[in-house]
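In the part that follows, the structures are each spelled out as structure tokens.
Okay, so chain A shows up in both of these, paired with chain B first and chain C after.
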Partner chain A sequence: MCFRCCELNRRSLLIGGGAAAASLATGVAQARIRPADMHPLIGPGFRPTDRDEIGLWQQMDRVEEEVAGSNLLIKDPELIRYLQQRIGEVGGPAAKDMRIYLARIPDFNAVMFPSGFSVIFSGLLLRMRNEAQLSGVIAHESGHFLRRHMIRMWRDMRRKSDIFAIGAMVAGVAGAGAGVNTGDITQLAQLGTILSLFRYNRVMEAEADAMGVRLLAENGYPPIEMANTWEQLIGEQDASARHRRKRRDRGYSLFSTHPAPGARMADLKVSAAEATVPGRAYDNRRGRYLQAISPIRKTLLDDQVKLNDPGASQYLIETLARDGWNGLLRFYEAEVWRLRNRSGDDVRAAQGYAIAVAYADAPPEAWRWHGLSLMKAGRQAEARAALSRYLSMQPNAADAPFIRQMIS
Partner chain B sequence: MRHLGIALVLALTVPVAGCVQTRQFADLQFTPPQGDYRLLVMRPDVTVNSVTTGGMPEPRADWTEQARANIIAALRAQQAERGGKVQIMARRNELRGVSEDMVADLERLHGAVGNSIALHKYLGAYLPTKPRRGLDYTLGAEAVELGRKTGFDYALFMHAEDNIVSRGRVALQVLGIAGCFVGFCAPNIGGGGQFAYASLVDLKTGEVVWFNVVQTGSQIAGLKMGDIRSPAGSAQLVERLVGRMKPGYEIRRARERR
Partner chain C sequence: MTRTPKLILAAAALALSGCSSLGAGEGLGSSYYSLVRVRSVQVGDGSLAVTSPRPWNRTRKLFLFDDVRWVEDWTLNGPLLDGMSFVTGLPSGKYLIRQRRTEDRQVPKFRSDMSAPEIVAMLESLYRVRGGSVDFRTTSLQPRRFLGVNGFQFDFEHLDTDELWRRGRAVGAVIDGELYLILFDAARSHYYGAAIGDFEAIVSSARKRR
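Let's look at the complex of A and B:
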């Protein structure tokens, strides 16, 4: 149950096989689910009572133990408390039961596990422009838990694979008795079953989106921010693809587990308008968000620019800068150019570093690269000044002895 | 006549369709621990699934608990016979002087090394540079440190899973076999069976000195080759898994020469 996952356990589907008839698979179009119709299906302190769900939770306890002990986790206690507070806000009735983990993975995603713990990828925190956007994703993930999506999906899969197995066997035996080979029909039924499983998954995602909009609005966040998140993601994917001279994967086919980003954004916009109460004040709480992520924002940017995806990185930095440039963003903008290394990029990067150091909050590395660029351009005196500034800001840097030797 | 032929083939295949496979590898110099040794059994990883009519394994919490308790009891009994002192871990934090994280790291490291052993020794991706070397894997300094801190001679890592075929799937199997008489034959839809492995690590050197895999299963749903939910079934699996440790190749050869 992830926010935008691409991986899919095809093996489980193949093991599951298909169901009785292709008629189970219906058309591609699918109606929007209204936020007002989304009610939580569980209350506070939910524990499973059905046999299949107890088994699932027992497995998940082991998974959570592994996740909690993973060395990929960012363990900044302040930040984790902040994230936990967000789930405590938009988590509906299960707010106090859900747990949240932050993994250092520079990608845009979040996952909710069946037993109510969620893993947020660090790349998500980089992309969110304010607390409302972050809470939107968390509300979506909470929606999966509140609507009991994992167990419902499991049961759907089990039911359909049972029907398929029985159907195929009965059809085979009956067909053989009547002297007909039912192999083709069985294959068609299998495809039908698989398609219907994918469709069920997309319905769940749409439900989580609607539930998320509702939770967001109820907590005083502008619900339109959920649609904005998608707009940003689509823009980023377009920019990344354009840079590689490719076209963005439209992300929609019969085999998609998630609705297409474009369709999701459109539905979210309508839902947001529906959930917004006229006259009520909504606040995206941007200041509080930036303060919370400030200890790791540099790491987030650093991880992103090193992905070697200049199209996406540049788009991201420009999107974040829509709320105002600062030294950190300017420095990483120049880093994108330097690492891209096309013709003219060195000059562009040098200018970028020069702009970055004009900001009071420029990171030490901006001074370092500014100095090195100046040195390359033959402006020794200015280079020395910039590099001395770097050394004074970061006297214990790994490369400090080299830099000292360069300017001595 | 045709139907009779199918039935005959079926009658021949049914008894051989179930099987128990074990295959062990050992360090060339390995001698099975005997007498006064101290063995630490890392938390056994046990799962019991119910196989649905459609063939999906569904985890069952109650069966898993039951099987884990049985496996632990069986291991204890089996090791007592050999004369070793055994501690079986139930949680990661119960070793004095060893942090939970260190145990977790070792478990994960073993997971990676175990996968590598499975890939190169069992799944056919044999390493041409390592012929006749027996088991040539190590968990390194961290395992040695665990031994030093706790005083254990060996650590045993263990995984066991059992898939119990549901009634619905057995009914489907019966239908599949019955179908043979009208010409639609599905005598082996399968789905059940056990898979287990055990890995013995020498905590003095950090090396994985012995590894064994047990696989039982039948092509016919409902035909069981063991069931770890019962004490007897668990004892049987433990016996198959760690009961007959063979010494390493060089030790065996030296014994034969004598």
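Let's look at the complex of A and C:
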């Protein structure tokens, strides 16, 4: 298989994209961009008039068609409506023109495409602690659209004759347009060629940040939440890397193009303070957020924890638990330990399940694993009771035949 | 980046690693597969013998790449469409696949005291971590005799990042602390139904050799 060529390709792409970005930023100690200076460059109902941009949009329409038909999308109508409302709120003048899609991919990512549609990864919804954080990411992505970053980047690449980047992008877009392996949003958005288009340079990222802070504050969200999101992401990556005994890799993430995450977080904090109007009430609307994602929160946790990235998963769960522990979070905390599977983790997990089932909202699976751990520990009677509880909560469980045999 | 014991996983893993979006799966040399004839053959490390009702293709192992000696992969129509994997006496503390210690996301190691639900969870993580499955559903877990002992049968479905739904069945048992397992996984439409009969015949033909 071409595992090697993949690596090379990816690296070249990153270098290709990075080169364009670096050349713009060379030697310039970049000053923070002030939210107050960020004005949208497009108005409502924007349509491209220049030939190159019209062409780009046509290709993007094909990509959107593919994305919209992908079976990786989470289609829950209420949730999608909720996300669409967020973009309608913080999308500035283009609020009514932008579309949003939710892909079931357990990573922290969101992508804005040049024609104004955005793909949000489900892993992002898991990581947001409140609506302000979600709206912050959406506002950042909207910022790219409102500041016309895609076409600016595209023209910049062409001016510099960055053949590789253009070639890769055209191949990606053409491939997507031709329906070859197109539904693979992970590939398109995360590693693949199309993303090279969105490797905005530092200035553009700073602009989108500033624009985002402004949009957030204007809509009554505490703008500091954008910096908090950043802090959580850095914390998660550090925790993951520490667990595997290595240094943080800044690849793949939403904000990866920026070389100095610490500096960027600092800028966001200053911008947030600047955009905050004294005396005005700001609300992170956490309750509404939790309610909106409640139908899929368990799935989101499940998708993350089963990837067995213990450092990241534990950090995430603890971050979410800062707003209060519950049976679901306790159960998944124990799951992290069970899958981590180091010596002593079985005992730790067993204790975790025991704690989880003490919560009234413990999911049926908590009783299942509580029972299985008890059985392993030789506490048969208690194990039977826990597994029976599981079966009574979920009589039609897929594994019911096996569990019934275990307790018979 | 290492591959999986299950080459069917290669479908999505290939995509995940950002390979060319065109022609994925092409370019395999002819020596990549060898013919499995319709007679008793040894699989994995040789401790299991099976007889297939029709010829299959054995995937050659790449040295230092996916050469877990207890695991062997077959396919009928190519790894994107169907595949069968044999796990022949995986010892405690070993992995189903080769993976670097520093990978963020890891397939858990097998332990001899694992119950069937734990083995099933290990397989699920294999698909999610290495196969790029974004949705994975256990459709059934039930007791089943295998190699003369009490084992389990695990049925599942998964949606991978190449947008294809796949369906699989595994039959396994832990014998003397080692994992024996035969796993079939194929595209849900057509290919699963077309070869599940082969899987059942192979499972009932399976004999432990020592």
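Everything that follows uses one rule, which is that the second predicted complex is superposed on the first by the 333 of 408 C-alpha atoms of A that agree within 3 Å, B and C clash if a C-alpha of one lies under 4 Å from a C-alpha of the other, contacts with A are read in each partner's own complex, and residues count from 1 in each chain.
One rule holds for everything that comes next: a residue touches a chain if its C-beta (ideal position, glycine included) is under 8 Å from a C-beta of that chain, and two chains touch if they have at least 3 such contacts.
Small disclaimer: the values here were computed from a predicted structure and weren't measured.
Undergrad: Given the superposition on chain A, which partner contacts more residues in chain A: chain B or chain C?
TA: Touched residues of chain A are more numerous for C.
Undergrad: Considering only the touch criterion stated at the top, classify A:Q59 as touching first (chain B), second (chain C), both, or neither.
TA: Once the two structures are laid over each other on A, A:Q59 reaches chain B alone.
Undergrad: Which partner does A:R51 reach: the first (chain B), the second (chain C), both, or neither?
TA: first
Undergrad: Report for A:P222: first if it touches chain B alone, second if chain C alone, otherwise both or neither.
TA: Neither partner.
Undergrad: For A:G212 in the superposed arrangement: first (chain B), second (chain C), both or neither?
TA: Touch partners of A:G212: none, neither chain B nor chain C.
Undergrad: What part of chain A is shared between its chain B contacts and its chain C contacts?
TA: In the superposed arrangement, which is not itself an observed complex, chain A uses residues 172, 175-176 for both chain B and chain C.
Undergrad: Provide the residue numbers of chain B that touch chain A in the complex, in ascending order.
TA: Contacts found on chain B: 47, 52-62, 64, 100-101, 104, 108, 168-169, 172, 175-176, 178-179, 182-184, 186.
Undergrad: Going by the contact rule at the top, pick out the chain A residues touching chain C in the complex.
TA: It is residues 1-3, 5-7, 9-10, 13, 70-72, 104-106, 171-172, 175-176, 180-187, 190-193, 240-241, 244-246, 303, 306-309, 311-312, 338-341, 368, 372, 375-376, 398-399, 401-403, 405-406 of chain A that touch chain C.
Undergrad: Looking at the complex, which residues from chain A come into contact with chain B?
TA: Per the touch definition, chain A meets chain B at residues 12, 15-17, 51-52, 54-59, 66, 69, 154, 157-158, 160-166, 169-170, 172-173, 175-177.
Undergrad: With touch defined as at the start, can you tell me which chain C residues reach chain A in the complex?
TA: My answer: residues 1, 3, 10, 14-22, 24, 27-28, 101-109, 111, 113, 115-118, 120-121, 124-125, 128-129, 132, 134-143, 152, 155, 159, 161-163, 165.
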